[in-house]
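Structures for review follow.
Shared chain: chain A. Partners: chain B in the first complex, chain C in the second.
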Partner chain A sequence: MPMVLLECDKDIPERQKHIYLKAPDEDTREYLPIANAATIPGTLSERGCAFCGAKLVIGGVLKDTIQMIHGPLGCAYDTWHTKRYPTDNGHFNMKYVWSTDMKESHIVFGGEKRLEQSMNEAFDEMPDIKRMIVYTTCPTALIGDDIKAVAKKVMKERPDVDIFTVECPGFSGVSQSKGHHVLNIGWINEKVETLEKEITSEYTMNFIGDFNIQGDTQLLQTYWDKLGIQVVAHFTGNGTYDDLRCMHQAKLNVVNCARSSGYIANELKKRYGIPRLDIDSWGFSYMAEGIRKICAFFGIEERGEALIAEEEAKWKPKLDWYKERLQGKKMAIWTGGPRLWHWTKSVEDDLGIQVVAMSSKFGHEEDFEKVIARGREGTYYIDDGNELEFFEIIDLVKPDVIFTGPRVGELVKKLHIPYVNGHGYHNGPYMGFEGFVNLARDTYNAVYNPLRHLAGVDIRDKAQSTPVILREAA
Partner chain B sequence: MSACDTAAVKPAEVKLVPKDRGGIINPMYDCQPAGAQFAGIGVKDCIPLVHGGQGCTMFVRLLFAQHFKENFDIASTSLHEESAVFGGTKRVEEGVMVLAKRYPNLRVIPIITTCSTEVIGDDIEGTINNCNRALKAEFPDRHIYLAPVHTPSFKGSHVSGYAECLKSMVKTIAKTKGTPNGKLNLIPGWVNPGDITLLKYYMKEMGVDANMLVDTEDFDSPMMPNKVIDTHGRTTVEDIQESANAVATVSLARYEGATTGEYLKDAFEVPHNLVNTPYGIKNTDDMLRKISEITGKDIPESLVRERGIALDALADLAHMFFANKKVAIFGHPDLVLGLAQFCMEVELEPVLLLIGDDQGSKYKKDPRIAELKASAHFDMEIIHNADLWDLEKKIAKGEVKLDLIMGHSKGRYIAIDANIPMVRVGFPTFDRAGLYRKPTVGYKGAMELAESIANAMFAHMEYTRDREWILNTW
Partner chain C sequence: MLDDKLEDVFSYTEERCLWQFFSRTWDRTENIHGVVDQATALLTGKPPKRDTPMERLHYADGRIMADDLRERYPWVREAGEAEITQVMESLKARLLDTTIARSTNRELNHHLY
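What follows is the complex of A and B.
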């Protein structure tokens, strides 16, 4: 089967190059969706901007850092209260956003003074906080404010603070992916190896590309503690600014989200010779495999096997209970990019679920190579899917549950299809062994939600009766 | 401290002061384009096209989804680097044509600028002329209204953006004065579906044929057996055209739509009446009296009764539970000032009001502030251009002792951390269920709000064991 031109795309036929239906005996040499390309205006794409890729996804996760957004207030307002990444210090990162609140006069005469004032105010108002990331936005990039010079000046006047700058306005690149890249490369260029921390174990690693969604990082940290591995830096879940300056000290880079954070792992390999090891942290078989690979690197295989055995003994019966009941259910995944390939095989292997359609907002072709390799035949693989395409695909594949964001979740609710939050989760964490049981539970509760059956009943129709939905105790 | 003590010591002082910082920590409002998008979705068969980076749309759609638990269709021109250099008008033209082709029922596209496209200086009016020619050639039987909405993010806030988009849509669609239709234009401002439902009920009870600009009642939309999705504004192109032929306009919000009432007066000689936003008993009385005076319709017994029921409920609460309780209110200026008036009616003491954005000179002329100055028997501070850090800091420093906070969900952590009861009002209120369905305006709204306040205080008394035994008998 070649690439698919959906009915709703007949007036924008270039969309055919972005949608693939996998058939037997085909491979990605012949068919690979075009990805990381500019969105067609007016298509109601799901994509965000480069600024949010840097601030909201990576930098804003840090638990001890002021995120100063140099621009009008909207960029701060919009990247606040949209994520679920708690911290062990009271969620400083989720409570506050900072904006220079650019006004027209700053656009006309330049905004550097306003930035300097706002930076000093922020440090004065929050005297315990000594670290800051400054971001440009569309208008401040267009007028050419030199945020690096301002940061340098403030650091000179305040010797106890450290400031990092990120210059990726919302219009750069084609999606949030550009912002990931800019932050990764900027950080290694300017901040890594500017600090040394105490090393307490002979086994040290950076854990890269995990943002502590609903406590993912903290759950996995219990594994690393048991294994005796010191995590030098978490990039960036529950992480600190200063730990990230010490990334050069680790012996191994373990990468979960290769899309958002693979760049820094590659640079750490190139500049410091630290090997990069990619793992999947979602799913039992993947998590076990990941632990085995990490432990093999350090030569602590027995510890790894003991941990896996302990976790599986504890969680596998629960997982299997859900697997029995989710077997054969059809799932669609409409998220950012990497979760497509992280999840498609893990929900199939561990839960018996068939993933029938997947759409990525900002994945690159490399991500599609991975997901098509891992995914099923008869499944749709979509780059930058838009709303009308979603309706048509739903009609074609009839999923029992969709892993996606809350807005699309509200949309598919009207079609009597339950959603599970594929970005912030419903009730996570979802990583690790315990986490995947949480994912299974949330999926089960969604699929067996009585309301979707009640919604289909038309009380005017005498031939129908309202069903009683029976569920087993989990 | 009792009210008489205060009066005896010194006369009450009501101060109107701006925030004393330049930058913002925790903004109360989003930027202008966000407000413009909200006005746009209030019109039926309308998809706003936001000319800017993708984040300017994606996050705002998410914000609306969070508040209403619904999806709304809003498109982006997906501005990228080449547009920043060479101008982005081609992307507007492409976006308009793509929307027109893929959405056959589409009739209105507000073209909403952002900070980036205003800095670039794209000629929106000229582009609209080009688009109109292209649309006419491609779709000779359709008329799609393209409204230019200039909403740079570095001016005003989502409040002024809302007003700007509403005015532009009316200017674009209401072109000629026709036969008087006997209708009353009612401009409710940025309120909830529950408010719209109540206002429409009032008009029906009075026998007034009201033209609601805009009618957002269906922002609370059902899950139906036939899976139809009816989440959209109810105000049609015809309704907007007819606004020029109305007997009069009544604007209920000074900052959220009154400029449209002024426009209809200037362009079509439709008399314009701005009344106080109907929060509380007196403001509702004044609104109904004004409408009765304009239309010659009597206020019916049913509303006298509803008023009586509300007063009856309020009387149970005011001097027993509310008297002398100190309240802070933040949010939209029409909401904050209106709720402050309501507080005075039920003996709550609104000691701190926070209203945002750069409209200081306008607020100085607001008669509601003059009224509060004349009527307050306690010290009151009104901070304009405020952010939520102002509130947090005043509480932390003990500069204000509060019994209650009223505001939207963005301030939730202030209440959580300071352990002060908080009642969610305004926009957005994503951390409480179903508030969009409840009225806050009118007699019923006053009653329901007061009861929410009382119940929040009662729960707080119980959790803090603060004279919870009072409620052993009530």
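What follows is the complex of A and C.
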């Protein structure tokens, strides 16, 4: 089966190169969707902007850092508070938002003075905070404000602060992905190896590409503590600015989200010789495999086996309860990119769910190589999908549940198809053993939610009856 | 018979192994040789190398691979050294062809990350 031209795309046939239906005896040598390419005019993309990729996904997670957004207010608000990444210090990153609030006069006469004033105001208002990331946005990049020069001036006047700049306006790439790249490469070039921290274990690693969504990082940290492994830096879940400056001190880079953060792991390997180990942190089978690999690297295999046995004894019966009830259900995954390949086999193996369609907003061709290798035959693989395509795909595959973000989620709810928040989660964490039980529970609650059936009943039509949905207590 | 056995190990690798899909041609080449060699050593009863950080990395991936192949495919447990080596060398060639030589991924040979 070659690439697919959907009915809704008949006037934009270029979309055929972005949608693949996997058939027996085919592989990515023959069919690989084009990805990380400019959105085709005529489609309404679901993508975010490059600035969003740097700020919302990576930088804004840090728990001790002012995120100064040099631009109009909307750039700040739209990348604040929507990602659900808590911290163990009272959620500093989610309580506050900082913006230079650029107006027309600043655009006309330049915004550097306003930026300098805003940076000083922020440090003055928060005297305990000594770290800051400054981001350009589209308008301040277009007028050529030199944020590096302003940061240098503020650091000279305030010797106790450290500032990192991210020059990644929204228009600088085709999607969020460009922002991930700019922040990764900027950080390794400017900040890694500018600080040394105390090393307390002979087993040290960076955990890269996990953003503490609803506590993922904190849950996994309980595993590393039990194994006696010191995490030098979390990139960037529940992480600190200064820990990220010490990434060169780790013996191993463990990568979960290879799309947003693979760049810094590659550079750490190239520049410091620190090996990169990619794992999947979602799912029982994958999590156990990841722990086994990390422990094999350090030669502490027995500790890993003990931890896995303890966690499986505690959580496997709960997982199996849900598996029995979710067996054969059909799922669509419409998220950013890596969760397609992280989840497609884990929900199949651990929960008996079939993934029937997957769409990526900002994945690269590498992500499609991974997901097509792992994914089922008869499943659609879509790059940069749009709403009309989603409607048509839903008709073709009839999913029981869709893992996606709130915007598309609200759309599919109108079709009486339940969605689970695939970005910020419904009730996470979802990583690790306990986390995957949470994912199973939210999936079960979505699939068996009686409200979506009731919403389809027109009470003015006496001929329609209310469906009876049998739902067991977990 | 060799084709069937190669198909088994290739299917397993497709399903489970992220290391074949690293960012660039040189990373993929390094991983495919490194991990498959370590798995081959483990499957044929030879001591794996664990002296350098990269050897320990490939050992970690190779050990999981060897354990899984033994568990999934009874023929692996019964095969001799020559047969295992032949199948695993064929696997390397197929992975290099699939993920590098005939991959249409446009980023594989970019000189920067």
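In this text, the second predicted complex is superposed on the first by the 462 of 474 C-alpha atoms of A that agree within 3 Å, B and C clash if a C-alpha of one lies under 4 Å from a C-alpha of the other, contacts with A are read in each partner's own complex, and residues count from 1 in each chain.
Assume contacts are C-beta pairs under 8 Å (C-beta built on N, C-alpha and C of every residue); 3 or more make two chains touch, one makes a residue touch a chain.
Quantities reported herein were computed from a predicted structural model and do not represent experimental measurements.
Of the two partner chains placed by superposition, only chain C is touched by A:I274; chain B is not. In the superposed model, A:E324 lies in contact with neither chain B nor chain C. Of the two partner chains placed by superposition, only chain B is touched by A:Y77; chain C is not. After overlaying the two complexes on the shared chain, residue contacts for A:D88 are found with neither chain B nor chain C. In the superposition on chain A, A:K345 contacts chain C only, with no contact to chain B. When the shared chain is aligned, chain B comes close enough to touch A:M102, but chain C does not. Comparing chain B with chain C, more residues of chain A are touched by B. By the touch criterion defined above, A:E121 lies against chain B but remains apart from chain C after alignment on the C-alpha atoms of chain A. Of all residues in chain B, those touching chain A in their complex are 21-27, 29-34, 47, 49, 52-56, 58-63, 65-66, 69-71, 73-81, 83-84, 91-92, 94-99, 101-102, 114-116, 119-120, 152-155, 157-158, 221, 223-229, 231, 358, 389, 393, 409-410, 413, 430.
On chain A, the positions that touch chain B within their shared complex are 8, 11-12, 38-52, 68, 71-82, 91, 95-104, 106-107, 114, 117-119, 121-122, 125, 137-139, 141-143, 169-175, 387-388, 405-408, 410-411, 413-416, 451, 455-458.
Chain contact summary for the complex, chain A toward chain C: residues 27-29, 32, 36, 185, 251-252, 258, 262-263, 266-267, 270, 273-280, 289, 292-294, 296-297, 299, 345, 364-366, 369-370, 373-374. Touching chain A in their complex are the following residues of chain C: 14-16, 18-19, 21-24, 27, 50, 53-54, 56-57, 59-61, 63-64, 97-99, 102-107, 113.
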